Structures are given as structure tokens and as C-alpha cells.
Amino acid sequence: MTLRLRSGQAAGSAGRHTTSNVRVRYQETDQMGVVYHSNYLVWFEIGRTDWLRDTGVTYREMEADGIRLPVIEAHCEYRLGAQYDDDVEIRTGAKRLSPVRVQFDYQAIRRADGAQLATGYTVHATVDREGRPVRMPDRVKELFA
Amino acid sequence: MTLRLRSGQAAGSAGRHTTSNVRVRYQETDQMGVVYHSNYLVWFEIGRTDWLRDTGVTYREMEADGIRLPVIEAHCEYRLGAQYDDDVEIRTGAKRLSPVRVQFDYQAIRRADGAQLATGYTVHATVDREGRPVRMPDRVKELFA
Amino acid sequence: MTLRLRSGQAAGSAGRHTTSNVRVRYQETDQMGVVYHSNYLVWFEIGRTDWLRDTGVTYREMEADGIRLPVIEAHCEYRLGAQYDDDVEIRTGAKRLSPVRVQFDYQAIRRADGAQLATGYTVHATVDREGRPVRMPDRVKELFA
Amino acid sequence: MTLRLRSGQAAGSAGRHTTSNVRVRYQETDQMGVVYHSNYLVWFEIGRTDWLRDTGVTYREMEADGIRLPVIEAHCEYRLGAQYDDDVEIRTGAKRLSPVRVQFDYQAIRRADGAQLATGYTVHATVDREGRPVRMPDRVKELFA
């Protein structure tokens, strides 16, 4: 399997953002009646999966090609609690920090009223199957601002 | 790595049960104020992990030896809801259904008053790394009633 | 808030089914490389949430009206493992077992090839805020086959 | 229910740390073969629950008394991946940031060799049942450095 760019896709446009949709699962709530905080990291994962997919390179393909992006740092600030059955939009951007580091930035927005629920970021190493740092192929590198 | 029996351990004694302890995590509750139902399957996994460990063969070792026990059927009946910070005891038994099938049975008990919260069972195939059915080695087979 | 039927919605048509879409999250996989089995119960919850929504009565509204549907029994049989980023369709049906019991039935289908991944059901009590069994209002009752 | 200090317990000793034990659940692993990163936030919750319990005031009691500590910020840095069945120690400390803010600090240590797996912190508001900021009672306040 080879990393592919979708035809007609302008790779690496600075500031490119994607949006993903999440509907809050009952399982994601806790007894405070709002979404348990660690679930935002799972939603962020959906955001970066879609960001990558939108470039024409799915993370699934990257893994099959032997490149992995383990999380080495995660951060989240919480403003308002999402509730069961809320529609939440995840807005995701990305940038390259170094030849072997990338960062994704996220906002979680409640669709009903546009309220910002949380913001956060994750930093990822680019490693091979054995966990050794590797430079991303040029094609993938270009996708990040 | 070889499958080992702990010395002095009577393997395969019929009706052997083990007990595991779980303290309810806030993350496991939902907005009804009790543990979300799918978490009992996770607790049952802890139960069978400890049942295997108690025989002297950890599941980790079995996997390293190329034997896997994927769940092919799971069942749970719920009586009372566990609450945040409750101490819950998982009682686990096991039996062999066929040369390539085993079943674990579970009870979830609230320690404070001995109330039965849930009962259930899981059925597992014994497969190799490629997912093909394999007979368990005699040593492991003997561990099941 | 009142339980409402969507205008033009034929309530309680026997055999009514709804379909829901799930894309497998990385978080839902385990080290066997497939979706951890308890997640199917979470997907089933998405199925019955959509089944209810499709009737014009969301579960969120039912809860606000003081009616809850705690799971009292859950069952799942697993055939094929879903993998990261797979698109999975959940097909959900429902029937009334008694004035205070309902059952939902589920199939999980891999969209790429229509393969059946798992089937299952959940049984629910209809209770009020204090957990006492209550008959469902006629409007809701009619929605079940 | 009243907030209580365990007799003989020196409250609020600066730099007080507690340790909690977690054994990695199969459900917590992902297809990379290590613990999925959001689970560390769940383990941190276990750490602060035990930190509070150790002071003689359980979080369950605080909630019953109408005081909540929602997470308003969470941060984690990952060094080594925990694996299935690993014994992990969570070391937890805490300090007061303001009359209505507290911070918990965490380390996740692999017991087998003392390797540091991750470090992190969470910041919490002290709020009442309606989510309004409240000062903690003196007794609880004293427990933080």
C-alpha cells in the first residue's frame, strides 16, 4: 500500500482545518450528568483521523506503510460540559513542530448554539514499527502547515 | 516462554473459583448515577485474567505462546446498579465446552452487603495467531472443569 | 416536555428497523487488532437511541419525562472482528415483552462487504426516576412491535 | 454526612503523596499493543480519589456534601507505553492554586522496573451542585499544600 494524495487535493495548505461530528453517547456521560473528561481525547483522535483522511492519506494506510503517530503529549481545557445526545463538532488543525514531531489542535463546539466546550492539542512523534523516530515521507510532511 | 503450573497448584479442580476486586471508577458511571452496563464485561475480563493467573498460566503468557481466547459470546444479567467508589467482587469459574471452546461464569457482588449486582458468562474460542481454531495444550486444558 | 410523535409517523409498525452508522475509533481496538468486545454494547446503545429518535421520541426526552430504560439483560454473539476505521452499520429492531419490559435486537454489519460482525439483544425495564417499574405511556408503548 | 478527618491524620502536610495501583486491563490496550493514551486520565482520577480518601475525606462524601471538583484542565506527557497486565503505580500530589482552584500532579510508574511511563496534572474548580464556584470548607482546604 502506498501513501496517496487524492487527485485535485491541494496538500499542506497552511491553516487547513477539518470538522468532524460526534453525537454524545450515553456511555460517555458520568454521574455528574456531563461527558467524562477523558472522552474529549477520544474525540480529538476522531478529529485527527478525519484531518488525515481529508488529505487523502488515511491513518490506517500510514500504519500499513509502517509509520505511526503515537501521542507524546496531550492537553485539554474544559469550559462547558457536553451532555447526552448533544451534537458536537470537532475542528482540527495541524502543524509540523520538527522533522519528527507534529501537533494537532482541536476545538469542541456544541452545534446547537456554537458554544465552545473545550480546546486542546496533542503532540505526536513520527515513528516506525519498532518505535524509532523516522522522518515522514515528503508527501505526508507537506500536509502539515 | 513456556506455560507453567505453579508448584503445589492443583490444576483443573472442578468448580474452582477465583475472586477479583474492582473499585468503581468515576469514569465507569453514567448519568443515571450507576455503572454503565458494558463495563461489567470489562470487569469479567479482569475475573478471567485472574482465574488464569491463579492457575499459574497468565493470559499474557498464553498470548506470547500463540494461543488466544477471543470472546465469541457474552451474556450479562443486571440486578442492582454498582455506584461510584463501591468495592465489587468478581467471582469467576470456568469450564471446557469442547476441545476448542471454553466458558467462564461470573458473579459481581457488592462487598458492603454481599448483594448480587450482576451475573454473566462469556464463551471463548481457542485460536492461534492467525485466528484458526486450535486445541489447547494439555496443561491448559486440565485447568478447566 | 411531552412525548411527541412526528407527524406522518406510523407508530409501532411491526418489524420496523432503523440503521445507525459507526466508524471504528482507534480507542475501541485492543492489542488483538480488532474492536474490544464490550464496545458492541455501546454501539447497540447508539442503535436503540436512533430507533427511539426515529419514532419521534428521543430517549433524552423520555428521561426528562421521568421514564428510564435501564438494561437488565445484554447478549452478544461475535463472528468477525471489526477493525480500526471500518464503517459499521447497526440495524436495530424492538418489541414489547410485557407492560414493563422491552427488547431491542441488533445486527452489526461491516459496510465494505456486508459481512455480519455480531448480533445481540438487550432487555430493558421501564422504570421511573426512583427505579420503580412503570408502564410506558400508550404513545410510547405503540412504538414497539 | 459530614466531612471527617481520620483520627491521627495530619491534614494538609505539604508535599504529601499517595500511591495507587492499577493493573492494565486488556480493554485499555489498543492495536499498537500499548495502553490507549486517554486511559491515563482515568488512572489519574483513581490517583486523586485515593489522595482524597487518604485524607479521610472521600470524594464520594464531598459530592454528597454538595462539593464537586470538575476537571477544567488536563495535561499528560507520555514516555513509555504501558502494556497489558503491567502493574502500574500512580503517585499523586496536590496543591491549592486559589480559593476555588486545586491542582493534582501525577506520575505513572511501571512497577517491574520503576520506569516512568507518564506524568501529568489536572486542574479542578471547586463548585456546588449548581456548578457555581464555592470555597472549600476549611477542613478540606487544609488538606492541600
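Residue numbering begins at 1 within each chain, and the chains themselves are lettered A, B, C and D in the order written.
Everything that follows uses one rule, which is that contacts are C-beta pairs under 8 Å (C-beta built on N, C-alpha and C of every residue); 3 or more make two chains touch, one makes a residue touch a chain.
Since the model is a prediction, treat every value here as computed from it, not as a measurement.
Comparing chain pairs A-D and A-B by the number of C-beta pairs in contact, the larger count belongs to A-D.
Averaging C-alpha coordinates per chain and comparing to subunit B, the farthest chain turns out to be A.
With centres defined as mean CA coordinates, subunit D is found 26 Å away from subunit A. With each centre defined as the average position of its C-alpha atoms, the distance from subunit A to subunit B rounds to 34 Å. In subunit D, the positions touching at least two other chains are 26-27, 32, 34, 38, 42, 84.
The touching residues of subunit B, counted against subunit C in their complex, run 32, 34, 37-39, 41-42, 68, 70-79, 81. Residues of subunit B touching subunit D in their complex: 23, 25-27, 42, 45-46, 49, 58-60, 84-85. For subunit B in complex with subunit A, the residues that touch the partner chain are 26-27, 29-34, 36, 38, 84.
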